[in-house]
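The next part holds the structures, each set out as structure tokens.
There are two complexes below, and they share chain A, which is joined by chain B in the first and by chain C in the second.
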Partner chain A sequence: MGLVEFAAAKTLASSAVFLFITVLLIAAATRTSTCIVLFAAQCAVITMQVVAMAYLHRSGEALVVAAMVLLVKVLAIPYALLRIRNRLNVPADISASTTAAQSVYIAAALILLAFAVVQPYARAFALDSEMLAVATALVLTGAFLMVSRKKALMQVIGLLVLENGIFLAALTTTFGMPLVIEMGIFFDLLMCVLLMGVFVFRIRDTFEHVDVSRLRRLRG
Partner chain B sequence: MTFAIDLLQLLVIVGAAPLLSGVVGRIKARIQNRRGASIFRPYAELRKLFGKEDLVPPTASPLFRLCPVVLFAATLAAAAFIPALHASALLGNTGDFILLVYLLALARFFLILGAMDGGSSFGGMGASREALVSTLAEAPLLLGLVAVSIVAHSTSVTSIVRWAIGRHLFQLSPVHALAFVALALVAIAETGRVPVDNPTTHLELTMIHEAMVLEYSGPSLALIEWANAIKLNLMLALLIALFAPWGIASSASISALAVAAVAYVLKMAVLAISLAVLESSVAKLRMYRVPDLLGVACALSILAVAFTALRR
Partner chain C sequence: MTLWFPLLLPLLGAFLVLGFKNPRAAVRVALGIGIAEVLLLGNCAWKLRSAGVLQQGRYLRADGLTLFFLINLGLIFAVVLAYSVGYLRHIPKGRFSSPRWFYALVFLFLFTMVAAYLSANLGMLWIAIEATTLASALLVGFYNTKGAVEAGWKYLIVCTVGIAFALFGTIAFYLAAVRGGVPAEMALDWATLMTAAPGMTAARELLKLAFVFAAVGYGTKIGLVPMHSWLPDAHAEAPAPISALLSAVLLNCAMYALLRLDAITSHAIGGNFSHTLLLSFGGLSLLASAFLMIVQRDLKRLLAYSSIEHMGIVALGVGLGGPLGLFGALLHAFNHSLAKTLLFFTTGSVRETFGTLRMDRIRGMGRALPSTSAVLVVGGLAVAGLPPFGLFVSEFAILMSAFTQSHYLLALLMLAAISIAFGALLYHFQRMLSGEPPGSPASANRPRPLAFEIAAVSICGVCLLILGLHVPAVFISVLHGAMAVLQ
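Take a look at the complex of A and B:
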């Protein structure tokens, strides 16, 4: 019995590391499919974290949230993204404006920045500074992915990583939002991915590529 | 007693090195739907090469014959730093990880010298590529080891291992996770495995290691190939010792050593299988993309070192 509790506590403590690694690997990845799989892995880590939290706080609501994270973010969204990627039929590379190494350096710098920034808040509100730093780092790197990747699909992934950060921030600061709001957010997210999928297809059909840096001119 | 164990340990790393290469080759063959050669083939190859005549190009200097010997000796000395079964090593008290890193660098330096001395254009080409890869790999290798040693409060490989045995998996920090990924990338580059170099190819435009040893034959080639196999075994054993040392005996009893041996074989098997899967599923990188890969390793190791300061 003690062992399960210990494992749950340690899952919480070490999930930060795995999140850091997934976000660094997403920055390093050069293919859209790798990014999607890594995003699924990141959400799987978050699922584990929510389950551990649910166990430690004996909260049934958190278990429901964990199940929704698993269903929506680990399974449904990556599946939809992979399908969109396959059907788009465009080259697999992400065409980033920075090289893989530069992206990792920038992501690493953002992580350190996040650590530096959250220290006073974590001290003032007695929060786990590492988790708060992870949440901030996910928001920052998600935004970075969105501005540095030229493929429309990668911007969807950047947005999803950013949303993961916001979810984590809510989880660490207030132990998650109310269940109804959480459900609403997941539904929005799913709709958002579907809409963006449609939008990416429209971009491809109109311009015959999905490179957003070339969307300079209006076309009917 | 500990001396005997340390010697045995060194013999395991040196003697089992060709076997490891054979096993990796066999698993790769199986993944690619081939039957593959026997896992003992590298031994047969070494025996064959040691029995052959050593041919030296007419343009080469005496250095050409000396280089494989220095290469093998330096690699052997580096292997004496690695605890595989028991938390001590033959040279464990003599030097730290910095010596280990630069013994490997010395070995590589002489390999490059020998390749250029051979006088063929492929040798020079391979040598310049090897120099590029090793220059880029040195920083992440050192920084990764520095990060781990800061956490363990020691620069000696054996004391880092002794420190890590006392912890369990969850007590290892982000530093370890980041340093592990960095060092694993470096190990792939250092030992010339697939995303960086292809150990099986003889296509002159893509190879690094094979191009360098093109002029060598007989016992010299055997020494180079053996040293190369030892290096692979050494890097994997180092990864195991630093990041998953559980099972390594801290006392010199027979039962503890038996457990350590079984754990060592299991962990090596896991690494060999993942290496084979990686080599079969990833295409070799273009030469100009290799700095990118090592840049990623470097960024990870820098972050690992930065984290040691955050975790105080």
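Take a look at the complex of A and C:
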């Protein structure tokens, strides 16, 4: 086994651990900008993973996907989010409804839950149960971040973490979707983040705050 | 080229309209593009009817089911376009609330819906449906008031998360197909999946999982209870023509996606599982929305809950299946889009005259707005499912299907919910229509309805009446073509 293959295999084997660490850190973070940087780090781990897979499977398409993850998720989206955050001029804290410690415990519990639920599917389809568990854990913690964080931007980050989970699920189960579809999904994701940025500014301008838990005019 | 032109024209049109700063010129250009688009859709439908199936390139494909939904889309879009010309006078001036922005966003919205109908591929279908949310979110928040911004945000977040689940479902379908021996690059084409479905029985559990995720995901867009929370807000806060488009076209568009996946799932593992799921979602939506209609205070929210009710009926029809159930479901989706368009059109002039859509503050509408009131009554009777309107025929077909399959409990539930909804509509409408109009009779300075608006309203009304009295043979053959694709 050559050195590069060895490195690629090691990257694949250890990326699950790194992803779990980013999830726990995002749950623990108390500032929006930290969360954005951690999200970028999470996507960087995913990029490494796609590159390693591309090398092991000798797939050019996967390299293109890796380049898109790098451009869109590691660079463009965090950059846009950081800019929005700086221009918003609102307090930096995330105003969570749970404390940092509670969030970490909940995220850890969700990771354990993810491991438990994926076992039967991993066995039935002979898939890597660790990666499947990471994907499920990302989906669950993304959803948890969306319901527990009150800042509009944090909801966007929760959504992005959730989407990362779905991307990983596609990657581990089917070695990615066809390239054209992946490109369309990335385009949609980018547009979605930009549009959410537009709405965050509109929320600030019409309500003079960005606390979405206080948006409750429409009921029933 | 038959399929490419109606797909690309709205996209080009959106950018073209943006170039016209003069509001009058923008409206004229938009009308021109809109008429051309309706003609192209008509041409597409015509060719499709004689050819049966059209495939262009790897990513565009249309068949009988597409034909049916394209007719629906073209008809409603034409009517909404005609109505919007007069409606734009209601929109206050603002940076992004000029006619050119309105029509540019409407054309983008139309582009995404046509793309959803014409895509040959479940992945493309997903991308297009996600794009419908993005294109219409700004239209929902078009008024830029507190309510509109909140509704737009909620719509964006709830539907994006919901649709993310549908992506997971799509991936699971892909996995099942690849494991079933379909070559990877074909494994998302729905035509391929339909023929390969019987070979995917081995992946039974996976397909069930896939369909649950798809039903939750696309069900969010359809507005099925309990994923409906965005729908009343978005419908209530959007401008009236957009509410009509959301309710009459977008919900059907998401239903189309679910119909395709339901057909694939039932071909692979039998219809039992997916149909039971649809029956439970449909029944829950029907019951919950009927009760919620009683307590509504805003006219447009009332209409939005009525949309949830009718999508629940459509889901019931699909879930019952069989020729009669499916026939009723498709016909009901079509009828509902006509009736709901009619009703949302009245809200524009109600808001203009009374300055509010709060039903407890609207009195004496019968005297203040006689013609609008007449339209409201006709639309109300139609959505309540009374003869001689089309919704009676389709609801009757679905009920018949429930009785012949001995789903007595379900049929009773449906009858009860329809009666409750009828009572709620009757209660709210009679309180609005009767009594003395508040303030001085301001009928003198009321703007007269434009010929465009009259045409839009009468097209909907006449179509509803025709579908209620005697469904034309041509339309029945289109419906049978659509059903043949699914069975």
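As a working rule, the second predicted complex is superposed on the first by the 216 of 220 C-alpha atoms of A that agree within 3 Å, B and C clash if a C-alpha of one lies under 4 Å from a C-alpha of the other, contacts with A are read in each partner's own complex, and residues count from 1 in each chain.
FYI, a residue touches a chain if its C-beta (ideal position, glycine included) is under 8 Å from a C-beta of that chain, and two chains touch if they have at least 3 such contacts.
This structure is a prediction, so every number in the text was calculated from the model and none was measured.
Look at chain A after the overlay: chain B and chain C fit there side by side. Contacts of A:F125 after superposition: chain C is touched, whereas chain B is not reached. Of the two partners chain B and chain C, more residues of chain A are touched by C.
Of the two partner chains placed by the overlay, only chain B lies in contact with A:A108; chain C stays clear of it.
In the superposition on chain A, contact of A:G184 is made with chain C only, not with chain B. Using the contact criterion defined above for the overlaid structures, shared-chain residue A:A28 touches chain B, although it does not reach chain C. In the superposed model, A:V17 lies in contact with chain B only, and not with chain C.
In the overlay built on the shared chain, the residue A:T99 is in contact with chain B alone; chain C does not reach it.
Once both complexes are placed on a shared chain A, the shortest Cα to Cα gap between chain B and chain C comes to 24 Å. Across the complex, chain C meets chain A through its residues 59, 121, 123-124, 126-127, 130-131, 134, 137-138, 141, 144-147, 149-154, 156-157, 160-161, 164, 167-168, 171-172, 174-175, 178-179, 184-185, 188, 205-206, 209, 232-233, 236-237, 292, 295-297, 301. Against chain A, the residues of chain B that register as touching in their complex are 170, 173-174, 177-178, 181, 291-296, 298-300, 302-303, 306, 310.
Those residues of chain A whose C-beta lies close enough to touch chain B in the complex are 7, 10, 13-14, 16-18, 20-21, 24, 28, 99-102, 104-105, 107-108, 111-112, 115. Interface residues of chain A, counted against chain C in their complex, comprise 121, 124-125, 139, 143, 146, 152, 155, 159, 162-163, 166, 169-170, 173-174, 177-178, 180-181, 184-185, 187-188, 191-192, 195-196, 198-199, 202-203, 206-207, 212, 215, 217-218, 220.
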